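Everything below concerns the one structure shown next.
Naming follows writing order (A, B and C), and every chain is counted from residue 1.
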Amino acid sequence: MQLEIRGLTKRFGTFTANDHIDLTIEPGEIHCLLGENGAGKSTLMNMLYGLLEPDEGEVLLDGKPATFATPGDAIEAGIGMVHQHFMLVPVFTVAENIMLGREQTRGLGVLNRASAATLVRDLSDTYKLAVDPDALVQDLPVGVQQRVEILKALANNAEVLILDEPTAVLTPQEIDELMSIMDSLRKDGTSIVFITHKLREVKAIGDKITVIRRGKVVGTTEPTASESELAEMMVGRGVKLVVDKDDADVGEVALDVKNLTVIGARGTTVVRDVSFDVRAGEILGIAGVQGNGQTELVKALLGLVRPASGRIQLEGRNISRHSPRQSLEEGIGYIPEDRSHDGNVGSFSVRENLVLDLYKHDEYSRGLALNLRAMSANAEQRIDEFDIRTQSMNSSVSALSGGNQQKVVVARELSRSLKVLIASQPTRGVDVGSIEFIHKRIVAERDKGTAVIIVSTELDEIFALSDRIAVMYDGRIVDIVSPNILRDEIGLLMAGGGGTAKKNA
Amino acid sequence: MKKTAQVVALTSVLALSLAACGDRPKENAGAGGSSPSDEAASSSAAPSPTASNPDFKACMVSDSGGFDDKSFNQTSHDGLVNAVKKLGLKTGEVESQSDSEYADNIAALLREDCNAIVTVGFLLGDATEAAAKKNPDVDFAIVDYGYAKPPKNLRGLSFNTAEPSFMAGYLAAGMTKSGVVGTFGGAKIPTVTIFMDGFWEGVQYWNKQKDDSVQVVGWDEKSQSGSFTDDFEDKIAGQDTADNLMSQGADIIFPVAGPAGLGALESAQATNGEVNAIWVDTDGCLSAAEYCDAIISSVMKGMDVAVEKAISDSVGDKFTSDPYVGTLDNGGVQLAPFHEFDGDVPQELKDELDTIKQDLVDGKIKITSPSAP
Amino acid sequence: MRERPLRLPASWLPSVKVTMASMVLALLVGALLILVSDRQVIESFRYFFSYPWDAFRHSGEAIGESYKALVSGSVGSWSAITATLERAAPLICAGLAVTLAFRAGLFNIGAQGQLIVGAVCAGYVGFHYELPPVVHVLAALLAALVGGALWGGIIGVLKARTGAHEVITTIMLNYVAAALLTYLLTKESFQQPGSNNPRSEKVDAAATFPSILGVHSGIVLAVLAAVGVWWLLERSTVGFELRAVGANADASRTAGMSVANVYTLAMVVAGLLAGLAGAQQVLGHQDSLTASFGGSIGFDAITVALLGRATPLGTVLAGLLFGALSTGGLAMQAGAASTPLALTQVLQALIVLFVAAPALVKAVFRFRESDGGGAVMAKGWNS
């Protein structure tokens, strides 16, 4: 099916989110929609899927005009969508989730689970999705859950599949698997709209690339375009994809972790006997596939989780029993991996979030009274310094794009003098322009003599920033290596050394 | 949107044309535009009042339970309705929902320029007294409350219900087959326990006279302890409590719990004559007629008479603060007729009850209840 | 980027619009109910086609009289206004107790229990001790605040230490408080001497709120409390923590706040405010404790807080509205219209219903989608 978009426009008040967008997606084509966060990609797709009503323009399916008042209409017309946030019922099985809304019954309203299971198995085999129809969705890893979403769309006979930032939540392995699934779908004639801001992925799988900036199509190009060309189209200026940094000027050991063990919420050991140290003025990267204990490790470092055993020493003092507040006061900066969950209070203003862990300092309060003037002055300064794009300091943080939300967190954590900075996934879901900026700031912090720990599942990021790389697998640090190591070698370490123990397969 | 509107319009036209067959009734002369309640409204169709005092406003505040409780508030309200019927008055009435509202409710009626205000229930005692002191031009009467030194415009209306309850106890002891009779109250307050005390004493009197050993479950005057629903409105609680008494062998139940007591009637009726009840406040065969076949008799508390008297005194400028105490002697309290049980109660027992009544009036039998007025 | 001194939420105008529209809608539905419950109107509709004018006249009269009574009975005279203010005062205080807890992400169903315990403490100090005038009322007031705060604090501690859901614990403690009151009222030390009625001794005159122009000064305390809560929430570090935890407990914990302490503190302050409402009842509105002296204030408070969108100013306005509705409702019942009491309660319920379902109101009045926020209570359960 050919999908053509002509002059599609959507305005929110005075703000034009989509301005006369033209786009043609041919059958069996993977069409990448590239743009920064807030460029208008999701708005466009929500109009296509019947979630938003366009103010102008039209959608043509095989040359015939079509309007979608509801997602139901869009599904009917053969459009499927996999959202960033999955729409699955966790306590249902895969088959049940796929039946949802179009339950097949055998007389008397008895659900026909068997036929749903068969359908899942068939589709799963055809596209090599490897999904067990009887598994509970809540037990599945994120990557498989995403495949269930894809199955749901396929079960509805989708001919055009919209994938909204599908790789944001995936591990490198899962991304590879997704790519091969997309490839087999393409071979079968399904068109795919692939929304992303990751240049590497676009080049790897795309047939055609359309770049959107500030609600307008800035151009359509081929995947042969270079990454820097693409980045320039996206951001509207030249972007440095490699971080400029000098060799580390390493000082004393700032943070020393010895035999740290953490028991997780479900009673399993998630961090096993981990030891490492970070010195002032260096960046230690912690690489690893998501879910190998990094999350719990950094939480233990801040004091959000009590370690079961081991010692954490900050400049020689034991801080393993400290509360988060004590750790923060001692000079640890903390950028959590999930900014909207742990980093910001979404309904709070930018001004308030910028002092979320500083409000008790004399600078911002006297006794019980907050010093609003000081908070505003701080906000004005940080917004300017970190180029946070917001209507005003009083806008709520949830109204900002992901990159700007992350800049709020980074700005806050870097606005006091630190001994150690712990940054977990500092650029996850952040656009290219902001990534460049955040990386620059982290390196600058290192150069001020702060010890920095970066946890990332993105190898690009690890290589770009780290002075040393620790690789985590199954709760252990399997090795600490130099950044001159080959990409393949580190991939092997991340998979448990031999590359055989592939997770969740 | 438009379609719905059309459908609505069409249906309403249809409904109206179906309903529009009626004829316009003649305008009621002097209806005064006020139809305070069902009773009063129906009274406007009845023969016109014997007197007319269109400028006099008689008002009433209920206790929680409302004017349709088939018991305490309703009987008091009947007094107001009767006064309106006879004297042609304007009315104003407010139902209380909780203890916190009494003062507000009285104040609201004062703003409506009431000439006389009757409050129902001892809980309103303080609020009524305060209002009476502040508004010497308005006459106040309160059901179930007596003041030691009331202001001139406040009359307490209290009732020695222990007397007819004594008769009810004697009657129950005479009628029981199982030898166990039961009673329970809505709350452990004097205006309730006075019934239970009288009932208990009546049974003891039977035992003494007849050398019998009829038992009372649910109340003991000596220890002042027994069964309570702690709620005057919860019919289910009344039913549960009655069932409990029945499981202890009681075959005659004396519920002193207002509408909650209706649950006991329900339970009794369900036994098809095995268990019966004696109702309180009103003649149960009239106020709760659907249960008449399970009601042997009722202890009537003539609140209607007392209220009507207070209002008519106020209308006729004869109002005094002398307290009113309803007794068997002045007819303010009495035992109701037996209705459907008239044939079942032995003549001998009826005669004995007459004697007891006389003895109570004459003071030959002394009530020992601590709650008696 | 300049500082605006008194910042209202950007969405305040639309939500006021929706609230107003809800009230209009409720009054319209109420008018319909007045018609249906009026005998004369029903009668006249029976012969609608022979004398249609009658039906319109009677309808007009019924609605007119009822709503006239509603207005004149609530704000029509000084005595009506004082009655409205006296009704509103405890509703505002208890409403603030719900609002404050709500901002910390806690759904405080327990204002009723906190109010009862506060009032019992105030009452006991009020009638049991003899103290000089000003000292006595302050001591009784303090007792109410401490009692309410303790009762609320129990919930906070349970939540903070064991994670027990506050909705359940508050409901349970409401029962405990009510039963405690009933029990105490059977004790001689509480009852009036020479009486075994379940009614406490009268509070010493020195312990009652002084009157100002016929209104007991409780309403002043209520307004001060609202200002205090506003300051606490919007201008203090404590409020900053409270709102942060209410909006995102995880981020607050990560930023170094102690969520457990915040929960405890929020419930202590909420209980204190509800205790103040209890003091209003026993030291101002009436002068002794009875089994249901609190009425349903603690529960109406939830509605007041909801209607006020969990802001102090909104709570004050909603409390005043509810006070006016209930005194006006009395006038509707007592006056010429004799509107049933149930109708005022239906009116209150309808207003809240429409406020809670903004989509419905917007559909009826064809407001734009961006107007007004969603129902503020929507997230109460997720804490």
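We take it that a residue touches a chain if its C-beta (ideal position, glycine included) is under 8 Å from a C-beta of that chain, and two chains touch if they have at least 3 such contacts.
The model shown is predicted, which means the values in this text are computed figures rather than measured ones.
The touch graph of the protein chains shown is a line. Of all the chains shown, the one with its CA centroid nearest the global CA centroid is C. Once the centre of each chain is set as its mean CA position, chain A and chain C turn out to be 45 Å apart. Rounded to a whole number, the gap between the C-alpha centres of chain A and chain B is 73 angstrom.
Rounded to whole angstrom, the centroid-to-centroid distance between chain B and chain C, based on C-alpha atoms, equals 34 Å.
Contacts with at least two other chains are made by no residue of chain A.
Listing the residues of chain C that touch chain A in their complex gives 1, 3-4, 7, 10, 235-238, 240-241, 243-244, 247-248, 250-258, 370. Contact residues of chain C toward chain B in the complex are 39-40, 43-51, 54, 61, 73, 77, 79-80, 83, 86-87, 182, 186, 195-199, 202, 281, 285-288, 290-297, 326-327, 330-331, 333-336, 338, 341. Partner chain C is touched in their complex by these residues of chain A: 13, 302, 304, 323-325, 327-329, 334, 336, 341-348, 352, 356-357, 359-360, 365, 368-370, 372-373, 376, 380, 383, 392-394.
Residues of chain B that touch chain C in their complex: 16-17, 19-20, 22-25, 33-37, 41, 59, 64, 92-95, 97-105, 107-109, 111-112, 122-123, 126-127, 187-190, 230, 371.
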